[in-house]
Amino acid sequence: MSAVLVSTTVNGDTVEFACPQDETLLDALRNRVGLTGVKEGCGTGDCGACSITLNGRLVCSCLVLGVEASGNSIETVEGMADGNKLHPLQEKFIEHAALQCGICTPGFLVAAKALLERKPNPTVEEIRYALAGNLCRCTGYDKIVRAVQAAAKEMRKKK
Amino acid sequence: MHHVRLSGQLRSAADNLEVIDVTADTIRELLFNIAERYPQLDAHIEAGIAVSIDGEIYRDNWNTKIPPDSEVFLLPRIPGG
Amino acid sequence: MAHDYSYTKQKFKVIGTRPERPDGIDKVTGRAKYGADATAPGQLVGLILRSPHAHAIIKKIDTSKAEKLPGVKAVLTCADLPDLTGGNRDLQNILENCMARGRALYDGHAVAAVAAVDAQTAKKALKLIKVQYKALPHVTDVDEAILPGAPIIHDWVFTRGIDPAPTEPSNISQRTQFGHGDVEAGFAKADVIIEKTWKTEQTHQGYIEPHACLASVGPDGSGELWVTTQGHFTFRNVCSSLLGMDVAKLKVTASEIGGGFGGKTHVWMEPVALALSRKANRPVKVVMSREEVFRASGPTSSTSVDVKIGAKKNGVITAASAELRYQGGAFPGIWAMLGAMTSFACYDLKNVKTVGYDILCNRPKVTAYRAPSAPMAAFGVESTMDMLAAEIGMNPLEFRLKNAAKQGTRASYGPVYGPIGIKPTLNAVKNHPHMRARLGKNQGRGMACGFWFNFGGQTCVDLNVGIDGTVSLTVGTIDVGGSRAAISLIAAEELGIPYEQVKTNVADTASLGYNDMTEGSRGTFSTGMATIFAARNAIEVLRERAAKMWDIPVDAVVWENGEARATGKKHGNLPRLTIKQIAAKAGNTGGPIAGHNEVVADNAGVSFASHICDVEVDPETGATRVIRYTVVQDAGKAIHPDYVEGQFQGGAAQGIGWALNEEYIYGDDGRLQNPGFLDYRIPVCSDLPFIDTEILEIPNPNHPYGVRGVGETSIVPPLAAIGNAISNAVGVRMDHVPMSPPRILKALDDATSS
Amino acid sequence: MRFESPATSKEAVALLASEKGHAYILAGGTDLLVRMKMDLIEPDLIVDIKGIPAMQSINASSTGSRIGAAVSGAELGEHNKLKKLWPGVVEATNLIGSDQIQGRCTMVGNLCNASPAADAVPALIAAGAKAVIVGKNKRRTVAVEKIITGPGQTSLARDEVIEAITLPKRAPRSGDAYLRFIPRTEMDIAVVSAGINLTISRGIVTSARVALGAVAATPLLVPGAARAIIGTKLDDGALDKLAAACSRACKPIDDKRGTIEYRTRVAGVLARRAAKIAYQRAGGA
C-alpha cells in the first residue's frame, strides 16, 4: 500500500502529510498532523467527538478519508481560539460547567460553532437537534445547551 | 461487650448465628476476636469486610474505636461505580 | 497526627461558590491529553484478536504466519501470560478475562494479540492468526442460565452461601441474604399484597472515550503505563501482580479520563499491552474500538427480580421481600448481593428479606456501573410501591413518606441509620412546583426514590507551598467530573487564600502514596478530607515559620485569613505575615513548607434521592418522551454546586437512557448484535429536557465540611420514575426495561384486548 | 488500496471497469467508511465522484428536477426551490443521521447502500424518481424502485454509476411527505417508514404513490395503498383503508430494531400521518 502526499489547510496553516490511501482523516489529523483534540469515540459517525469542518461544512472526520483533504480547508477545535482569546463558546462552556470529563467537548464546540454561524439565535429545540450528532454521557446535555445559548447571546451582542 | 450482628452470608460462617457477643475496643480487636472464635469468618475478612458502627460504615480503618453500647453490624465490602 | 473528622458548622468563604475549573482551558482547546493521546518514541500499535463464539474450546492457535509478517514485533497468546497469581482466584479470573486460557467464554473474549509498526500491519497480522475453535453450548439469559441442563460456565464454581455446601458445579456463584424480622408473619398481617416479577436488560456505562493505554516495559523489568483509568494505583497493583513485576518498578500515569462511571475501575487490555511491550521491547499503544468496548469491557448486569410487598389499608408496610437474579457475565461477581442490600434501603421495615443469586452467563464480565446493581432493584421495588399505593388508594408520595426510613431505622441491609435524608427529599418533592404542574393528553407523572451507600477509602495528599505563596496540591484520585476544582476550593478554604492561588494536580503512582480508585462517589469526599488535614498540617508549619521570623513562641501565632497573626499583649502589634512573605523566607526558616496527609476516609455517608418525571407517550407508536425531569438529592455539603448539579443531571440522563432504549441485544448465536452507538441507543441531546435539580444539604456528621458522596445515587430512581409515569400516562404497567416502543405498544395492545 | 478522483462520469466508469479487485464508489462515505471500519469490506479501489461536475449540481423546476449524485444532504436542505417542490424528498434525505452526516451523505449513496431502511428511498419511490445511470457503453434511466434488489444489493452492473436522480414534472396541487419511526429523536435507522406523494383536485386525491421502508427486504411501492386514497377526500375511512393496505403489504422481520408485529402495525400509523401532511401540502384542507 503506497501512501500519498496530501497538501491541505488546517486551521489556516498549510499542512502536508503522507497518508495511506485508506486512512481516515481522523487518524491522519491525530497521528500525522498531531491534532489530538480531534477525538475518536466510535469511528462510525455516531458520536461526533471527531467533528471538524471541511470547507466550512460540519463533518465527522472518521467518515472522511485523509486523501480527500487534498486542496481543502479544515478547521478543528485547536483553531477556535483567536490567539490567547478564547472563542465565546469556549468561554461559556467553562463558565457554565458544560463539561465534566471533557472528551466530547471539542466535538460539541465545533458543532455548536457551525450552528451559530448558520443560525445566530437558535431556539432550545434547534440547539438540541443541531447537537444531536454529538454524544455526551456525563452532563445530560443540560449545561451544554445553556452554554450554547449564553455564547449565542454574547456573539450577537458583539455583532 | 458488643452484640455484633452479622449479615446473611456471614452467618453461615458463624454457626448460623445472627448475633454474636464480642468484647472489643476497636474494629481490629473485634475482627481478631471473632475470627479466633469462628475461623471460617477469616476468609470473609480477607475477602473484604465492612463494619457498621451506629449506622456508619467503615471499610478500611481498623483503628476505629467502637464506643460502648454502639450498634455493630458486619457487612460485605462493596464496590462503587 | 490525629485529626478530627467530625462536622463543625462553620461559615464558608469559598466553599459553595462556582469558580472555573483548572482544567477547563485545556479541555476546550483540545490540549488535554486522554488515553489515546500519548505517544512514545518507537511506539507500536497493539491489536487484540477476539472470539467470535459465545462459548468455545480453543483447540489450537497458530501464530506462525502473523509472526513472519514484516513489521510485526510481537504476537501474544495466553502462553505469554503464565499464571503468577499464586492461586488467588480473583486475580486468576482477571488474568483469564484479559486473555482466554483454553476456552473462549463470551463473544469478544480476547484470544491473542499483536504489536506491529503500524495499524495496517497489525490488522493484517490479526487476520493471519489461525484459531481452531470447538463451539460449546452457550447461555446468555439470566433465567435460562439456572435452568436444569444449562451449559455450566465453570466447573469450579459451586454455589456459596448454601448450607450444606453443594457438590455439583452451578452457574449460581453465590446466594446472599439480608433482612430482619419475620416476613411470613408480616405478610399474614397485610391487607393488600403485590407480588410481581421485573426484568431489566444489560446496559453499558457508555463513556465516550474507549479504553486506551500506552505501555512500555524494558528488559530490566521496569515499566511505565499511560492509561485512562479511574484508579491508576489499582491498575499498577493488578498489572504488576499479573505480570510478575515489582510494584515500585511499574509507574502508572493516569491520563485525563473520558468518562468511566465504574467501567474504568477494572483492567481489560492493559496487562496485554504491557506483556506485548515486554515481548517486543518497544512501547505499545492499544486503543479499543467502540465495538471492542461494548463486546469486551464490563457492562452491568441484566436482571430478573421478584418483589413482594404487603401493607395495611392505612399505608403501613407489614412485610417486604425480594429475590434477585443478577447476570454477572463469565466470572463470579457480587452484583446480586448489592441488589439485595440496596433494594429496600429507603424504607423503615419491620419484616424484610432479600435473597440475591449471582449468576454466570456467556457474556462479558460485569463490572461496576454507577451505584452498581441498585437501579435494577429499585425498578422492581419502586414500581411495586406505586402499584401497592394504587391498590390501597393512597397517594404514592404519601405512601413513601409514611414508610420512609429515618434516623434509628434498621436498614434492610442490616445496620441502624444515623442522620439520613430520605424524608427531606420526599418532602422537597411534595413541595416542588413540578408536582403541581398541569399535564396534557397522554402525559403522566411518576416519582421514585433511590439509595446508594457511597464510600471513602485510602487517600493521600501532598500540599506544597511555593516560593510565591501559591499552593500546589498533589492528589491521587482521578478527576472524572470536576473534582480538581472542588478540591482546590477546599484547600483555599482551609488555608484562607483565594481559589486562584491553588493548583491541584493528579500525581502518577511513583509520585504519591497509594490512593483507592475514584469510585463509590468518593473523589471529592475523601480527597477533600485528606486535603483539609494536609492544609491543617501545613498551617502548623506556617505558624512555626512565622514564629521563627518574629522570634516569638509558636503558641503566640494564629492563622487567620491566609495570614499569620501574632497574639497577646507582647506581640499583638506585629504586622501580619502573609503566606507569600512566609514562603519567601522558607529557605532560611527550615526549608520547604509542605503539608501531607494520609487517611482512610471511611464513612462517606449514605445518600438518598427522589426524582419526579413527566412523560408523554404516543399510544399509536409506543414512543415515550421525557418532557420534564426533577432531581432532588442530599449532597451533604455541595462544595462546587455546578458539578454537584452536573452529577445529578448526568446520572438522571443515564437512568433515562436505561429506562427507555439502552440494552445489549444478543442473537441466538450468543453474539452481541448492537456493539455500537447506532443501535446501543444512549440519549442524544434532542431526547432530553432540561433536568432540574434541587440540592439538599444534610451534613455528613463524619466529614469536617459535612460532605457526602454525590456521584452515583442519581442513576437509581429514573427507571421506576419513568415506569410509574408511563403507567400514569397510558395505564399500562411496564415490567421490562428498557420500556422501548415495541414493548409499550405490545403492552397497550394486551391491555385493550383483555 | 488505491484512491482515484475522476473528473467525469465516463472516467469513473472506466476505472470501475478496469479494476480486477473490489471497487467501491465514494460519495459521502457515511456508509462506505463505516463498512471499512467494521472490516466488512476491503476495497482495492475507491472512486471518489465528488470531483465530477455533472454530479455536483441541483436543477429544480416544476417541469422536472435533477439532483447530482454527489450533492450532500446539507446542500439539498439549503435548496429552497427543491424544498418547495418536493418537501418530502428533501426532508427524507435530511433525516439521515446528524448534521455531521448531512455534511457528507448523499441521496444516491443512500440508495446504492441498498438498505431496506434507507430514509431517502421511500420518498423517492413515492415521488416517482428515476436514476440516471452511466455505464461503459450506454446511459440508461431506471425507476428508483428497480434499483434495490435486496439488502445491500442493487441492479447496477459493476461498471455502472448513478450520475443523478431525476424527479418528474410537478403538477399543481401536489404534495409529498415522508415519516419514519425511530426510538430516539435523532441518530437512528428507521424501524419503519412511509413516503407518500399525491395530487388533488377540488379536495379529491386524483393520483398518489405510497412507499414503505424497513418492512421488507427492499423499500416497497404499495399500489394498493395508493388506490385506497385515490378518489377520496382523505376522510377517516380512506385513511383506515390506507393504513390497512400498508400493513397488509408488510413482510418484515424481527431484528434488533423492531418486531414483525410492531413494524406491521406502525407502517399503517405512519402512512396515515404522512398522507395527511402530503394532502395539506397539496392544498387540501
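Residue numbering begins at 1 within each chain, and the chains themselves are lettered A, B, C and D in the order written.
The rule is short, and it goes like this: a contact is a pair of C-beta atoms (placed from the backbone, for glycine too) under 8 Å apart; a residue touches a chain by one contact, two chains touch by 3 or more.
What you see is a predicted model, and the numbers here were worked out from it, not measured in a lab.
*Asks:* State which chains count as neighbours of subunit A and simultaneously of subunit D.
*Replies:* C
*Asks:* Could you name the chain whose Cα mean is nearest to the mean of all protein Cα atoms here?
*Replies:* C
*Asks:* Nearest whole angstrom, what separates the Cα centre of subunit C from the Cα centre of subunit D?
*Replies:* 44
*Asks:* Need the CA-centroid distance for the pair subunit A / subunit C, whole Å please.
*Replies:* The separation of the two C-alpha centroids amounts to 29 Å.
*Asks:* Averaged over CA atoms, how far is the centre of subunit A from the centre of subunit B? Could you give it in whole Å?
*Replies:* Taking the mean C-alpha position of each chain, the two centres sit 54 Å apart.
*Asks:* Using mean CA coordinates as chain centres, what's the subunit B-subunit D distance in Å?
*Replies:* 67
*Asks:* Residues of subunit C touching 2+ other chains?
*Replies:* 205, 261, 289, 677-678, 683-684, 686
*Asks:* Of all residues in subunit D, which are in touch with two or more distinct other chains?
*Replies:* In subunit D, 37-38, 185-187 touch at least two other chains.
*Asks:* Name the touching chain pairs, please: which are they?
*Replies:* A-C, A-D, B-C, C-D
*Asks:* Can you name the residues of subunit C that touch subunit D in the complex?
*Replies:* Contacts found on subunit C: 123, 289, 291, 620-623, 625, 660-661, 665, 673-674, 677-679, 681, 683-684, 686-687, 740-742, 745-746.
*Asks:* Help me check something: in the complex, which residues belonging to subunit D touch subunit C?
*Replies:* 37-39, 181, 183-189, 191, 255-259, 261-262, 265-266, 269
*Asks:* What part of subunit D is in contact with subunit A in the complex they form?
*Replies:* Residues 1-3, 26, 28-30, 33-34, 36-38, 43, 46, 48, 50, 72, 74, 97-101, 103-104, 185-187.
*Asks:* Which residues of subunit A touch subunit C once you look at their complex with the stated criterion?
*Replies:* My answer: residues 1, 20, 22, 27, 30, 35-44, 46-47, 49, 76-78, 80-81, 86, 90, 93-97, 99-106, 109, 125, 127-129, 131-146.
*Asks:* Quick one: in the complex, what on subunit C touches subunit B?
*Replies:* It comes out as residues 160-161, 163, 174-179, 205, 261-262, 265, 334, 337-338, 340-341, 368-372, 411, 413-418, 452-458, 519-522, 600, 602-606, 702, 711-712.
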